Structure formats: structure tokens, C-alpha cells
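A, B, C, D and E label the chains in the order they appear, each numbered from 1.
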Amino acid sequence: MDFWFSYIALASIYVLLGLSTNLLVGIAGIFSVSQAAVFGVGAYIVAFFLMNETMSFLPALAIAALCCIALNILVTLPALRVSGDYFVVTSFGIQLLATAVFTNWTDGTGGANGLPGIPPPDLAGKALESSGEVVSLCVAGMGLGCLIFWLVMRAPFGRLLRAIREDELAVAAAGKSVLRAKVSAAALAGAFAGTAGGLYATFLSFIDPSSFDLDSSILLLTMVVVGGARTLAGSILGPFLLLALPQILTLVDIPTTVAAAARQLIYGVLLIAFMLFRPQGLAGEKL
Amino acid sequence: MMLALNALESGYGAKTVVSNVSFSLAPGQILAFLGHNGAGKTTTLKSIMGLLRPTAGEILFDGQNIGRLSVADRVALGVRLLPEGRGIFPDLTVAENVSVVAARNVGAGAMFDVPDIYKLFPVLAERRDTRAGSMSGGQQQMLALSLAILGTPRCLMLDEPSIGLAPNLVERMFEQVRDVCKSHAMTAVLVEQNVAAAMKIADRVIIMNSGRIVFDGDPDEARASNFWSYY
Amino acid sequence: HADTIRFGAILPLTGPGAGIGTQQMRGIQFAVEKANAAGGVHGNTIEILFEDNQAKPDQSILSFNKLADLQHVPMIFSAYSGPSLAMAPLATRKKILLVNAGAQADKLATASPYLVNTLPTIGDEIKVISKYLAGEGKKQAAILFENDAAGIAGRDDYQKYFPEAGGTILAQEPTQFGQTDFRPALLKLADAKPEVMLVSITAAALQMAQQYKQLGLNFAVAGTTFLQDPTLVADPSSEGIVHTQVRIDAPPELAAEFKAKFGVEMEFFVRQYYNATQIILAVTDRLLTEGKPITGESMHDMLFTIGKFQGLIPLEFKTNTATVPLDINVMKGGKDVTIKQMSSD
Amino acid sequence: MTAYLQASGVDVSFGGLKALNDCGFTVQQGKITCLVGPNGAGKTTIFNVITGFLRPGAGSVSFKGQTLDGWKPQAIVAAGIARTFQNLRLFVDLTAIDNVLASMPAQTGEEPVAAIFRPFHVASAQRHRRVEALAILNRVGLIERANDFTRNLSYGEQKLLTIARVLATGAELILLDEPASGLSAGALDGVMALLRRLQDDGKTLLVVEHNTRVVQQIADDVLFLHQGHLMAQGTPEAIVNDPALAEIYFGGTI
Amino acid sequence: MLALQLLCNGIVTGCALGIVAVSFSLVYATTKIFHVAHAGVYTMSGYVAWSLLRHGFPAPIAFVGAIAAATALGALIQGVLYARLERRRATHLVVLIASLGTLAVIQNILAAVFTANILQFELPWGSQVFHLGGNVRLTMTQLLTVLVNVAAYGGVMWFSHGTILGKQIRAVASNPFLAEIVRLQPRRVHIYVMAIASALVCLPGILVPLDFGLQPYNGVTPLLTATIAMIAGGVGSITGAFVLAIVITELQNMSLLFIPGEWSIGVTFFIFVVFMLFRPTGLFAAAR
């Protein structure tokens, strides 16, 4: 049953990323296409510490999360100055720069070859070798992430972010600091992405730049929207569905020569149909 | 009859906001369409314009049932609406606002052509090259009104036209509306909270309360009636 | 007891890697369908379960686990370095034989005892071409490489082995995978005035050669098996390109049969995976003959017990990476002409 | 004695256009001051200057003796000045009550740390805030619309909501940009009574208004702005009965 | 020498990308849709031209056929998909995802029909080399790319400022609700815009593959650069989009003179990150 385990573990990791993306893009309206870059930094940091046996998993994860908080704030800072569409440029730029670093900084990241042989996570000195243990860890991470997300969204902070998405000027006129709220949101999103990165690196035991590229950032967006942007349930359902979809599509029997293209085609058609008939996503409310 | 509503019922989704609204207006007639906030005035106007699909009833314009026509077709017939609040193209200059609307709506012998507009509101001529969205609230409202009347409106529906306008302009604008209605047999529906000003030029007053017509009569009757209590 | 024996294949069937992935899939299909048509292996039908990993490591892991746990396959074909390296630890842990007949990263040689490669690593090829070029007196080189795992591996090997053979590297310049604009890189390399350009790209070699010609460049061009591309060979711009070539020829009848069936030429990766599939079929056959179970472990052991295989080419497993014949070819008058025969060790 | 709110020598120009030209005035604490003038006189612009949304080219604004020059809008709200916008600027995708809640000052749980680590505290604080917010909605007559999405409110209802929102900030000096326009008579009486009550509670109000009936009924003091400059200041009667001003404001053209 | 040749190549690629950016910008400024399926239209036009040539049609007819096909495809996407999504009040994010789906559909239909391999045009005149001064060599295709795309840019400039349809397009973008009630027929305008943009993107869509070959997944990179050019140039500014596309390609090309190629894309875009910080509304945006 390892398959289910690895599916659940991977989906849990993507839920954390979904939360991160949802928080920034869906709720605060900061259109970031560089969440995969932050995710990657988290993954590489944890991989670095574990492979050099500098420290055990949890402290490494904590450091990764902290670095990603700092990084995401830095990355999102332009959004404080550059509003709306204009942030897309900086965000693209950051993502492309990150990909260049992951691919070409061979000493730090293993370059395009990636880093194989990352040790499994350990808790209290015991390595988590079995799939059951690893999946529990990932699910626990996801559970914690969801709880935090839920708490934050029902608190005034959530409302403030939604207000910022609509009208920053009016938020300022209500006496709130837009800057502080955005920095907080970026920090939280960074923590989610960094944690997800650490879990991902130890779960796969191998990372390479292809998991942290622009396509991945876009996949995250798709997950969030298909699940239902701005909702907690959406950030959970989206990753679980979209990760299963390629696997499900391989069950569709198609004549060999065009099978691959046909599957992607079906994927595209499903996306379109889904957006047409359920624009609010799986878990969203009708507007 | 220019405009006739017959047992109109309309709303949003499952929520019915106005029901059983019936009245008919002759050419040249000016209706003051009054009611408290949230009574359903805007909803009624949107239904006439075709922006909302009524759930029941019919809308006749010049004897023709326009209930199934598109918005554009209704505009072409001469049904015009000054919308509440967002009546200009903020990112275009004043001159572009006027010319782009004129290009689609002003034909030969039109009632209002571009020069008429600038005569009506000289300040717009002065600010021709200003981005419309950066003008003051009142200036924007003048422009909005201009866009609504360009061409040949035959039934002009004004949703709170006086908002943001200084008193001098309100009076003048209402007088203009009355003059045009009388000289060109144009019908006007005037949704106003500035009741006194509206009643001064109206031939007829309808008061709406919670989606239903509760008073229909001429201004003198309205002044005399106790329907003022609805305000 | 006519049974179905299932194996897996995890290949990039969509995305930018799909061109090669599809070739690989066809090679496997072709071999299996021929075997089944001939009565199967000891009367057993062979079935291959294909999974699309989009050349991504994480999708590969999912697919691997799916094949291993839900379908219980003992053997999986893989391709591309990243995915193969990602799956290698799982192969070790679950004792599933992973057969790579496409990727050539050097790390693949030692990634897992259960990962076997039916073609030499890129380093093996580059050692050979470096020696050859040095022997020809071409000692000033510039490197053109694709900025991804396969291309960078090649660049690193050039940097290591070309100087060892006595040459000097003057410059290096990357291109992006999937991009076909080579002009800026070519221009910059030309500026270093090399005698030879060492190429490490996996796609669009034709476009590279055409742009090289249009820019009027005149240094020599050399590379590895990656340059083997029928459309390139046929194009006049390829005149004089030298490259190592993992020899894997298809007999004309076989190539014709393939073309009749799929409507395209039997290209390099088709042949590679056809050949690899035949190796697997041979291993399965021996296991069944000896009445042994078909597990990842038994297949692994049997592969090394047999050691030498005679498919499209003679090939021998001394380590996890097969020793195969390796030629040096030069493109001339629309043909790829072998000028020297060697072996990958 | 220092003036409560004082603007002096404020200049603002947009391109060649002088929206404010040496504009100066004072507002007395505890009074309702009305700011009137023809369209384009610069009323909204001076609001933007006072609340920190616009940097004037020259001049300054001070509040309780403290200069506000260079302050950020949120700092100015914190100092006790809040405003409404002529074009509403509501959060139309939030409910009415959320609009009010979003404008309440310094709430626990407005940053993630408290929200995560003190969830119960935050929840109970929110319950109290909701009660307060409902009270505010009640004051402006929107209690029944509390849970409706703002985009679904009628224009008049939205206008009332802007007033509720500015009340929620708890500011002591409240700037209202045309609060009366679009309100029906009943609602208008309610709002005027509300403004009076706010005055009794010790608030100071600066109101832009074109409706002379409203001005006459509520204003203690009237400022008349014309072409970006303060032209006159006085009681409502004095201003309304000044023939020169009447000519600008009521008569002829602009 | 090297610099000059790099500069010329940059201009060629930049002009092609410039029209991709301009056409993308037309759509974005009017509908606020991040029309990534535009990359699909771009790619498809090349394939249509290729197959018409394959079937023996002369080049001009093949090119006109491709333009017609792309125009129809663009109008179809707007009329059938985007208009419907808008009626359902889908958010821009939702439309973006639907557009991604459309892109996947177009790309994979192409991949299924034409395979994922690179297809090369067989037009001998295309690769004819011209020696310009200073030892610069450009092919016929490259020269044509510059001429056609610069002409297209001029055409768009005239169109958007000199014609009433151009103004209508901007009006619809500015207030679609009002556009409806003053009879500007926003839906129809949107379809026109998409048709025009699709016809435009055809030009680089044919000319670029003439030089570099056709690949089904190849439209995305140009679109990415175009997006950045559009935004950095100031949304709504045609000149901004066109010029910035050239600037970006030149930066990428010329940066090779100073830094290793691995870093050129990353560094180029990093320059834009910094640039956006200092000029947050883009280079050519009208001051507000």
C-alpha cells in the first residue's frame, strides 16, 4: 500500500503549498508565481543540513522555515510598492532567477543533476524509515498547516487580507497598515512553503530543479483554483485531486501513439469544463 | 404610450425585489419615481433597460414588447439610462468619452450632438483632455449625464442624477430636462432623493415602498397625500 | 498455464521530453508485441504498464509506487537522469529492477545495485571522443551545452576528459532545453576562436547545425550519440560533424517492419528500448526455463548470470552499466560514416 | 489656544490645474463644520490632504497643535481623524458587518501570531466586536442588512454603510464627503440626528455637502471654498444669505 | 564585431516578440484576461502554414490561410469560452486556469497530429544569407521578420489611436458596464479584439518557426517574455510593450558579452525586478 502512502504524503505536502499560494494569491490578492522557488529553497536547505549531518530533521526544518519566511518577505516586498499586475513581473523574475540558481549553483544545489540520497527524516533521534511513519509526518504537517490557516482566516487578520485584496486605499483609510498585513501574510506563506520543501526533500530523498520551476508554480495556482480559491477546503481538495489526475488518466485506454498527447488533452478539456461549470472550484461558494 | 410596464416582477436570483409594478407614460411626460432607500427603484430601471431579466410581467415601448430585446437594441430604440454611480469611462479623456459614445449613438438629426453637450456643460469643454476619472465628483456626474443623453433619447431614465452636483447645476439640469421633454416629446423617468426639485418638473409621481407601488398621482396630489411618511 | 506477466515503464510521455519519451515507448511496445505475436514467453503474454512522469522526479515516485504496490511489477523501464536517480533508492529498497536505456548521467552508474544501464554513461563516450580529437590535433575547444542535467553532465565530462587527453577548453556556453535559437551561444563561442566545438545537447541538433552554417562559422563540430539524428545527417549543414555513436543497428527488415507499423523511422531511442526489452525478455525466458519465480531480485541476479546479450548489438554487463561497442562517426554527404570502431570501456 | 484642526497655505496642483490655492481654515473642536462650494472647488482634494492621501505642494495641516505633514494615512487615523470617500470605496465582496469590523481599531488577532497562539482570546474578543459592530449598524439603520454582501446593497444603503464604517474607527474628528446625497428623506433625518448625537458625544465633524437644507440644519460653522481657496467662513445663515456666494453657488453658471 | 551581430540578432528576435507582446497586451488591456492560450494560437498558426505548404499551396496562400485560421481560433476562444466565463462572473484567476486548459488542448492536439518532434520549414529562400556591413549576416527570414513586425507595430499604433474602434476598445476596458448601456456592445468588441490579436500574433507565429522550426510546446517562452514586456512597458501602452520586448531580448543577448550564459536569463529578469521597484507602473505608463 505504499502507493497510497506516497500519494497521501505527496498530496499533504502540496496542501501545505496550496495553503501558501492561497494565502497570497487567493486571499491577499498578491499574484505570486514564485511560490515554487520558495518551496525549493526550503527543500534545498533541509537537504543540505541532513546530507552534511549538521543537525537533525526538526531543527533543519525550523531553519528552512525561517529562511523561507525571510525570503518570502523579501520576494513579496515589491508587491508592497508594485501593485496588481505589475507584481507579476517581479514575481516571474524571481522565479526565473531562482531556477537559474538551482540549476547552475552546482556546489550548493547539485545543479541540474539534483541531490540524490537525502536521508529520511528523523524524530527524537529515530530515523523514520517506513512509509507509514513518513506519511504520518507529512499528514501531521498538513494538519498543523490547516489548523493554522483556519485560525488565521477566522481571526481579524483574514478579514484584513480580504479587504486589502479589494481596496488598499480604503484599508489605509480604516487606519490599518497595509504593509504590515502583507508582510505577515508573506511570512506565513513562506513558513508553509519552507516546511513543505523540507518534507518534500526528505520524502523523495531526491530533489532537482524541475520540481521548483515556473510550471510548478503554475500547477500550484491551478490546484488552488480548482479546489476553490480563498477556502481552506479548496486548498485541501485541489492538490489531492490534481495529483491523482495524471494517475487516473493513465487508466483511460487510448491507442498508443497519441496516448500521451491525448491524456494531456483530456486534462486541458477537464480544466476548461470544470472552470465553466464550477468557476468557484470544488469547495468554493457561489458568488 | 411611450413606455408601459405591466405587472413587472424582478429581482436577483431567488430574491424578488419588485413586484406588480405597472404604469404607462405618454410621450413628453415626466415621472418622478420616488421611494426610500432599497425600495427597488434601481432594480426597476435595470429591468427596463434589459440589464436584469424580469421574472414576470411585460415591458412595452412604443407599443412594442421589448422584454426580449438585448440592451443594445433597447438603446437603439431610444431607451437610455444614467446609471447610479459609475456613468463614465474613467480611463479615457473627456473628449474621448464623448466621441466614443457619440460614434455609436448620434445619427443625422440627433437631438444631442457633441457641440450641444459642450454648450450644456462648458466645464467639460474646458477639461476636454483631462482623464475623466480624475475630475471632481460633480464634474464626473456632468459627464455621465452627457453620455446618457447623446443621440436621440426617447425615454430617458435618470437614476439619481443630482448626486454630487452643486445646487446651481441641479436646478439648471432639471429645467433642461423639462424643456427637452416638452419640445421633443421625450419621456423621462426621474429617480431622485431631491424630492422637491424633482416634483417641480414632474407631471406625475410614483412612490414605491418595499418593491410595490404605493402611490401614483400628480405632484399636487402627492404633496397633499400622507405618503410623505414613507420618507 | 498461460499467464500475463506485467512489467512497468515510466517515461515522459507529455511535456517537452515527450518526443524522446514516445520513441522509447514505441521501442518497448514493438518488442513486446512481436514477442506476444510469436506466442509470448513460454506461453505467457507480456504486458507493459506505461506511466507518464512528465520527466519530473515526484511524479516518477508516485508512478513507481503505483506500479510496485498496486501492480506488483518486478521490473520497470526508466529514462531521463532526474527521474531515474529519484527512483533508484526505491528500487534498492523494494528490490525492483530498474532498466535505463536512455539517460547517461554519470551518477546513474552507481545510484543503485538495482539500476542497470544498457548504454554507456556520457563520461564513457566523452573519454573516447576526447582522445580521438586530441589525436587529430584539435586541441583548442569550446563547449556548447544544454542547461539541464544531461547537457551539464556532458559539459562536466568534457571539462574533465578533454584536458586529460591534452586539449584546452577555451569557452563554454549554455542553451535552454526546448529552445532552438543557438545563434547567441554560437557567436560567443566563435569569439573564442576554437578549433573544435564540443556539443552536449539532446535536441534540435539540426537547428544548431543550420544556424552554424548561416553564421558562416568554420571550426569543427564534435559530440556524442545525442547528435545522431537522421534529419540532421540528411541535411547539408551537417557535413563534417564528428561524434561518438553507441552502435545499435536495426536490421533493415526490422526497421521496415517498424516503419510499417508506426509510420515513422526506427530511431535511436526506439532501437535502444527495443534492445533493452529484448534483454528483459531473455532474462524472463531463462527464469521460466529454470522454473524460478519472476521477482525483481531474481531478474537482477539472472541478468548478471547471463552477463552477455546478443540483441541488436553485443552487449555485456560487467558492472551495472553495460559495455557496448562505440564508434566514431563522421557525417558526410548525407550519410553517417563510421571511421573507427571502439568499445565503451 | 491652538486650533483643533488647522490648514494653512495648502497648494495642490494637477498638471497646470490649481486644485487648491493657498487654502487655509480652522475647525473648532466639538462643532459641526460644513464645507461647501461649487463642483471642482477642491473640497475632496482638501480631504485627501488632511487624511494623508495627497502630499500638498505647499502648506501644512495640523491637528491639536501637531503637524500632520508627511504622515501616512493609517497614522492619521490612529491620531483620530477618519473619513468617508465620495465614491464610497466599500469592500464590496465582504458583508456589511465585515466592512464595519474591518474598520475597527487595533484588534487582537489582526496579525497571525496572536491569531494562532491565542485563538480563544481572539474568538471572544471578536464576539464583543460583533456586538459593537451590530450596534453601529443599528445606529445607521442597516441592522437588517448586516450579513448581506455589500455589492448587493442599494446605493443609499451603501452610503449609510460608509458612515457606519467611519464610526467604527472611533475617530474623534470625522470627515464626511457628501453623506446626504442619495439618501431618502427618512434615512436623511436619521443621519442628521446621528450627526447631532455624535456631536453630543464629543466628536467633531467636517462635512462636505451640497444639500443646503442639511447644511442649514446641522452646521455650526460653514466654510465656503471656491477655486481652491477659502472664500468665506461664517454661520449657515450668513453664508446662505451672502448674495455674492449665492451667485456662485446657486445662480448662473459655473 | 561579435557585439554587432548579437545586437542584430537581438533586434530580429525582439521585433518578433514585440508583436507577441503587443497582441497579448491588446487582449489584456481590454479584457483583463491573462490569455495564456495566446501561446497556443501562436504555435498553431505556424503549424497551419507548415501543413498548407506541405499540401503544395504557395507560400502567400499558406500564410494567409494561417492568419485566417488563427483569427477564427481567437474569436472562438473569446466567444465560446471567455464570454461564457464572464457571464458566470468567473474571477480572473478562474479565467486564467481555463486559458491554461485551452493552451493544453491546443498544444496536445498539435502534438497528437504532428508529433512532438521539431518540424522544419522547407523554403530554400528563407535561409538565404545576406552579408550586411560589419561582417553581420542575416538570413532572408530574419530580415523579413524585422520588416513585417515593425510594419505590424505601425499598423497597430495607427489603429488604436486613429480609429474609433480603437477608442471603443479602451472604453470597454475602462467600464464594461457603461459600455453595455451606451451600446458599445462589449461582447462584440471583445471578440474583435481577440480576432485582431490572434491575427497579429500569427506574424511572428509563422516567421519565427521559419527560422527555428516548429514544436508544439514552444509558444510558452515567447509568451512569458511578452508578458513581462507588456507589464514593464506599462499595461495598455503599445509602444511600451514593443520596445520593452526588444530591450529584453537585447539585454539577454548583450549580457552574454559580460556574464556566462547560464545566468543571462536570471540576471535579465532580475534587472526587471529592480527596475519595477523604481518605476512600479512600467516605463511607458501614463502618469496618473
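The definition used in the following text is that contacts are C-beta pairs under 8 Å (C-beta built on N, C-alpha and C of every residue); 3 or more make two chains touch, one makes a residue touch a chain.
Bear in mind that the values here come from a model prediction, so they are computed numbers and not experimental data.
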Subunit B to subunit D, fewest steps along touching chains: 1
Chain pair, A-D or A-E, that carries the greater number of C-beta contacts: A-E
From subunit B, the most remote chain by mean C-alpha position: C
Taking each chain's C-alpha mean as its centre, the one farthest from subunit E: D
Centre-to-centre distance between subunit D and subunit C (centres being mean Cα positions), rounded to whole Å: 73
Centroid spacing, where centroids are CA-atom means, of subunit D and subunit E in whole angstrom: 47
CA centroid of subunit A to CA centroid of subunit B, Å: 51
Rounded Å distance, subunit A centre to subunit C centre (Cα mean): 34
Multi-chain contact sites of subunit B, meaning residues that touch two or more partners: 134
Where subunit C touches two or more other chains at once, by residue number: 14, 18, 22, 147
Set of subunit D residues in contact with two or more other chains: none
Which chain pairs touch, all of them: A-C, A-D, A-E, B-D, B-E, C-E
Residue numbers on subunit A that touch subunit D, as the complex places them: 148, 151-152, 154-160, 162-163, 165-167, 169-178, 180-181, 184, 187-188
Subunit C partner contacts - residues on subunit E that touch it in the complex: 1-2, 5-6, 9, 13, 108, 111, 115-118, 120, 127, 129, 137, 139, 212-213, 215, 217-218, 221, 252-253, 256-257, 260-262, 265
In the complex, subunit E residues that touch subunit B: 164, 167-168, 170-171, 173-175, 177-185, 286, 288
Interfacial residue positions of subunit A with respect to subunit E in the complex: 25-26, 78, 81-83, 85-86, 88-90, 92-94, 96-97, 99-101, 103-104, 214, 218, 221-222, 225-226, 229, 258, 260-262, 264-265, 267-272, 275-276, 279, 281, 287
Subunit E-touching residues of subunit C, taken from the complex the two chains share: 14-16, 18-19, 22, 147, 172-176, 178-181, 183-185, 187-188, 190-191, 203-204, 206-207, 210, 214-216, 231, 264
